[in-house]
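A, B, C, D, E and F are the chain letters, set down in written order, and residue numbers restart from 1 in every chain.
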Amino acid sequence: MLHTVNKSPFEKDSLAACLRMSKDGCAILLIEDAVYAATDGTAVSDQIKEAMKTKSVYALKPDVDARGMSGKVIDGIELIDYAGFVSLVADQNSTQSWL
Amino acid sequence: MSEIKKFLYVNRKAPYGTIYAWESLEVVLIGAAFDQDVTLAFVDDGVYQIVKGTDTAGIEMKNFSPTYTALGDYDIKKIYVEKESLEKRGLTVDDLLDLKWEDEDEDWAEKDSIHVVSSAELADIMDDADITLSF
Amino acid sequence: MKFSIQVNEGPYQHQSSDTAYQFTKAALEAGHEIFRVFFYHDGVNNGTRLTTPPQDDRNIVNRWSELAAEHELDLVVCVAAAQRRGIVDEGEMQRNGKDAENIAPGFRISGLGQLIEAGIQADRLVVFGD
Amino acid sequence: MKFSIQVNEGPYQHQSSDTAYQFTKAALEAGHEIFRVFFYHDGVNNGTRLTTPPQDDRNIVNRWSELAAEHELDLVVCVAAAQRRGIVDEGEMQRNGKDAENIAPGFRISGLGQLIEAGIQADRLVVFGD
Amino acid sequence: MLHTVNKSPFEKDSLAACLRMSKDGCAILLIEDAVYAATDGTAVSDQIKEAMKTKSVYALKPDVDARGMSGKVIDGIELIDYAGFVSLVADQNSTQSWL
Amino acid sequence: MSEIKKFLYVNRKAPYGTIYAWESLEVVLIGAAFDQDVTLAFVDDGVYQIVKGTDTAGIEMKNFSPTYTALGDYDIKKIYVEKESLEKRGLTVDDLLDLKWEDEDEDWAEKDSIHVVSSAELADIMDDADITLSF
């Protein structure tokens, strides 16, 4: 299963909800303002690193670049483009958006 | 024509501050006519949508609480509410609308539609859905 | 594979419509089929032809219209949401006694049943919103 | 006392326009003056006359128009924000080569300077948004 | 000075920001979805009670009633209507909206 | 005609995910012509608005970073950034755009426009404003 999150983890509770209600083995894709959750050294980095032990975490590169965050992404988070986003949706049996 | 799919409606937003709660309910009502397998989840601020005792006269908006009560008539009987969300907000199931459905296999006995479940149980329900509509 | 897309926010204010567009375009380029793009909530505001964005910015509405023309996309605007927000086609104009309409090329107004059908008929439904 | 009001969200999706309306009405009833109501961001969508909300719900646009007529309110829609979102009056229609306009009675389209002036001239500015 | 907050404290960071950057002696008005912050027994009630020691906290009654929260409001939070909102704005020398 | 008022622009939202950052900047630019006392505050996710190294080609949106750099030319030189917001996001002032203004009283010497301040200092600045525009 693929979960997408599009809100900053500092502004809204969407990421927290996704981490709480997603299962081990799932994929989580951070898009739009949620890409800030993919950066290191923040107040939520540890939560993401913990999640990465059991879940696959991706971030949308065009959104990372637009926000000037390309040098700060946590090691092990895979950066993908829109084509990669499409592949993820196709590869996983269903998609849930945490808005 | 198609097989039956599992539709899950995830409601995470408070009512009245935004229209998502009401427009989500409009989808649920229309969707009920399609004979799919329907489940509703209320988590985070979404639990506020089904709190009882609402009075919208002062804000001059239509009160849509009664519509939730009618969901049983549309054969929507799987309504899951996250326990952790209730607790964080100081709410219990007694604060919620009394949503029922009638079981035709048991002489139309009234049964509770609302099931309070843990985050982990909800994760299973979400994982099991074919189509997830988020509001 | 067959995708359906739901767009819940209008153009410019939130990135949702942009991301939905880029996703849709990428899916088509990868050879997938788009069964339908359904515009709900403020998403219906993507369907007005009356926008004039600055020349140095993207034109969100035209971009959808052009993609629809190129790939015969079915762009559906929810009628109930559209009535609340003032997105009107010829039929809605007459039905509601309005003196103008503003629907953009390639968009059509229809009921919420089209969203459910989009969920049933497609292999995947992806929701973009706020 | 003299108030100015800023509305940042469109009708129905967010409560901002409702609260701004109730505040404005209450201020007028208390004998205060409303220097201007300025609609910015998606707030410009309050200024379309093409909405047809359900009959058992409030009509947000008409409510603003009626309050304006009753109290000679100055309801200003930001031109830059309106162009991005498709809110058009006669002048904008001609200037941008559009074939329709949709501005509601009592609203006018003008520049952002009107917001700054609203801040300067009023005793208080209150912002309603998301 | 009057601060208004209109977002649920569980969903967004607006209330936290307001509490952090407002001064003792100010007035805080909770409107729209922020009225949930005025209710007792929640994960944020203690923050509001702490703020009430040095700041005046109000909640908009029409919004409290619409959300079925009228029986749950923290003791000492004053409920006001739209006319009261207008008076607060007039009485305080300026207003800041935490959106 | 009127006395000079203290205008404060409070920016609390990230750029590109929503338009508030850009449309806020449009107000600031127009407002600069009115000879008022202008202050900008960047707090919470608003600090992301002035991060350097942005590249919006991939999302096909206009990059408005250069416009912040031009604020000094509009005589906007009081830009406050909350220290606590930077720290929570793992950012330092080195991650931010280098915003400058030229002091005509000191032979057009270049000076920093950005001042990193504590929440308490920002509370004073906010309390001191006549008109606060929130984005």
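Basically, a residue touches a chain if its C-beta (ideal position, glycine included) is under 8 Å from a C-beta of that chain, and two chains touch if they have at least 3 such contacts.
Predicted model only: the values in this text are computed from it and were never measured.
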| item | value |
| --- | --- |
| For subunit A and subunit D, chains touching each | B, C, E, F |
| If a chain touches subunit C and subunit D alike, it appears here | B, F |
| Of all other chains, the one whose Cα centre sits farthest from subunit B | F |
| Between subunit E and subunit C, distance of the C-alpha-averaged centres to the nearest whole Å | 38 |
| Chain centre separation (subunit D, subunit E; CA means) in Å | 26 |
| Centroid distance [mean C-alpha coordinates] between subunit F and subunit A, Å | 28 |
| In subunit E, residues with contacts to at least two other chains | 6, 10-11, 13, 32-33, 62, 81, 94-95, 97, 99 |
| Touching two or more other chains - residue numbers and ranges from subunit B | 16-19, 44, 59, 61, 131-132, 134 |
| Junction residues of subunit D, two or more chains touched | 12-13, 15, 22, 41, 54, 80, 125, 127, 129 |
| Touching chain combinations (by label order) | A-B, A-C, A-E, A-F, B-C, B-D, B-E, C-D, C-F, D-E, D-F, E-F |
| Interfacial residue positions of subunit C with respect to subunit A in the complex | 1, 3, 8, 15-16, 19, 22-23, 25-27, 29-30, 32, 124-130 |
| List of subunit C residues in touch with subunit D within their complex | 10-13, 41-42, 45, 48-54, 61, 80, 83-88, 92, 96, 98, 100-102 |
| Residue ranges of subunit C touching subunit F (in the complex, touch as defined) | 12-15, 18, 22, 54, 56-58 |
| Interface residues, subunit C side, partner subunit B - complex | 6, 40-41, 80-81, 111-113, 115-117, 119-121, 125, 127, 129 |
| Residues on subunit A engaged by subunit B in the complex (per definition of touch) | 1, 13-14, 17, 20-23, 26, 94-99 |
